[in-house]
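Order of writing sets the labels: A, B, C and D. Residues in every chain begin at 1.
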Amino acid sequence: MASNRHWTWFYRLGSPRWFYETTGRWLPWLWTLTLVLLTAGLVWGLGYAPQDAKQGNSFRIIYLHVPVSFLALAGYYLMAIAGAIGLIWKMKLSYMVMKSAAPIGAALTFLALFTGAVWGKPTWGTYWVWDARITSMLILLFLYLGVLALQYAFHSQESGNKASAILALVGTVNIPIIYKSVDWWYTLHQPATIKFTSAPSMHIDMFQPLLLMIVALYSFYALALILFTRAEILQRERKATWVCELALQAGKDSAGEAG
Amino acid sequence: MPKTPLLSVDRLVFERDDCNIFEPVSFNIEAGDIVQIEGPNGAGKTTLIRLLTSALQPTSGSILFSGDNIADCHYEYLASILYIGHQPAVKMTLSAEENLRWMSPATTTASEIDAALAEVGLRGYEDVPCYSLSAGQHRRVALARLFTTGSKIWYLDEPFTAIDKQGVGILQARMGSHLAAGGCILLSTHQDLAMDKVRKYNIEPHSDREQQQ
Amino acid sequence: MKFQFDSVQQMLEMAGHGHYVWTAVLVSLLVMAWLLVRPLQLHRANLKFIARQLRREQRRQGAGEKQQ
Amino acid sequence: MSNVGFTAYLKRDLLLSYRRLGEAASPLMFFLLVSILIPLGVSPDPGRLAELAPGMIWVMALLATLLSTEGLFATDHQDGSLEQMLIAPQLLALPVLGKVTAHWLMTGLPLTLVSPLIGLMLSLPSVAVVPMMASLAVGTACLSLIGAVGAALTVSLRKGGLLLSILVIPLYIPVIIFGSAAVQTAVDGFNWLGPLAILAAMLCAAIALCPLAIAGALRLVSSN
């Protein structure tokens, strides 16, 4: 239909092959960008940023903790939006992105908790506190694990996709409520003497590397998501001609190297 | 102008996990028609019937009810179909009469319910809880719906499973009177029906699926 | 901007906080590396699997032709 | 068909539970039995029990509700009734809401009604009894609705029970926070209507949204 012409870009975007080939061209750039940004950010943050007056050098963990937590949360929304697009427009690629986002998000959430705990020990004297933000992160981890578990519980790929998309959407509606209630719960129980929630005002020299690390983590996230999605595309499209040609070509290449 | 068929199925395709279940299905059903779906086990007979009841959404193709897509007249369509699937949808803790009452139109009178149960050979079992009935009797409870329903289109998935010869005869007689009254039936069964003008539709597994196995 | 430590040794110690900082960095880098290596592994395994299936298909067809 | 709409399914599910009272009463028995474990496991000291009571009662109520959620759609799925419900000529959210209401009437409401007894056994201060009952009544309704989403998502899985709890417990968290907070604020002598109002707001949101999610899940997932 002619009236649908302006939608073609949208459907082309939904074509796994188009995605695979386009991202294939981006990959070398994305790899370089990610590695450069991560190295620069880490060296800057760990070596050049001034140390915090109160926390000393342990504060340098912030350069990992904050970007990772940020992406862990943003990743859940990305996953849910991808799932919603899949449900509404029945777009296969969208489900593949959703499925790929789940393990990345879970791993980043785990990292956020881990770095938080390691940071907590020198700062608060303990690895674990039921702080509002840490608790919310823990719940986020379980939300991710739920989506992952549901995805793999079904024999049918399609049912797994739809079920986890619905669960991700339900989770999205819930996340703000969970965060608000955990926050409220924390103020109810928080002992008056300790206060972790107020963010220390950051010096610009400390803030710049943090900003760099956040950008680096975005780049990393995009890279990981694309890599996972490409692997998923090969698996789902294994019967398509273009994938078969690709597999044969790859087989020849590796045989050539061996010979 | 050609008459619009009661039900028109056009190039219906269903994919499950990127795998086509059957070759595209097309047929028309007029009032008074009976269509028997045939095909080997696993060919997708149940899937086709569930597509027709709109419990599943087709990947492509269309189902028209008196010329309208069933998505556009969904409730109207659902109100005029009757579907009896593999599972009889009988609740074990309810009696035969309670089960049939639940499955029948609201206007059905108590005597009509009793008569329907008597027709399928459950006279004397009306108040017995279904857990003490046999599998064949559970099916009979479900099939008693055929005697109380006002629906025009019947979808019956293997209706004669676990039903004895005499029961099959009674059901076929009821199906005959339904057709005579201007209804239509689509059923899947491996038995040959002792009825006139049964149209057979052979459903073929999609060529994709053989390759895969 | 100036390098905050006088020596590598000092940077590793970070005035007593070294093991916290470096554990966090190490574990993070490991997990992040896994997130990049794992899909590459899957990618390669998928390609191999598809190629193997195609070769089997070809062999089967070849055998069929010989028999005829 | 007569079996359309909210009340039809509500009545039917109540009748079905009534026919199997033993099964229907098991969440309640669970609630009572676990409350025996607390004094045995922690301490019979009334002071310590009173301190734990608001939270413990809520945790137990949550687990008891969760226990009974799995069966919400499972039997209907097995015997084919769910298929018939999906093709009934009406908005699917209505029978779904009817079934969930029946579930609450058979689990949440009895739990609420026996909770004063548990409160007594755990030395809950008497000022907190009414807030506890109010928060349980509203909160368990939320739990039933949210749990039903999980039950619908896992209905076609053979071993859905454990998975169901993994999916649903994180979503239960706001309910338990405000539920136990209502009791706790009453114990502390403050106005407990605040947390209860938030709980009621959550219930409104859940009534509006959950049936849609459940209906969507049943349509998309149970069919395959």
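Going forward, contacts are C-beta pairs under 8 Å (C-beta built on N, C-alpha and C of every residue); 3 or more make two chains touch, one makes a residue touch a chain.
If you're wondering where the values come from, they're calculated on a predicted model, not measured in any experiment.
Most remote from chain C, judged by the distance between CA-atom centroids, is B. Averaged C-alpha coordinates put the centre of chain B at 54 Å from the centre of chain C. Computed from the mean C-alpha positions, the centre of chain A lies at a distance of 33 Å from the centre of chain D. With centres set at the average Cα position, the gap from chain C to chain D is 44 Å. Averaged Cα coordinates give chain A a centre that lies 17 Å from the centre of chain C. Under the contact definition stated at the top, the residues of chain A that touch 2 or more other chains are 156, 158. Contact with two or more other chains is made by residues 16 of chain B.
Multi-chain contact residues of chain C, defined as those touching 2 or more other chains: none present.
In this structure, the chains touch in the following pairs: A-B, A-C, A-D, B-D. For chain B in complex with chain A, the touching residues are 16-18, 208. Contact residues of chain A toward chain D in the complex are 87, 139, 142-143, 145-146, 149-150, 153-154, 156, 158-159, 162-163, 166-167, 169-171, 173-174, 177-178, 180-182, 184-185, 188.
Those residues of chain B lying in contact with chain D across their complex are 16, 50, 53-56, 74-79, 81, 83, 85-94, 101-106, 108, 129.
Across the complex, chain A meets chain B through its residues 92, 156-158, 236, 239.
Chain contact summary for the complex, chain A toward chain C: residues 42, 46-51, 56-58, 60-61, 64-65, 68, 100, 103-104, 107, 110-111, 114-115, 118-119, 121-122, 205, 220, 223-224, 227-228, 230-232, 234-235, 238, 243-244, 246-248, 250-251.
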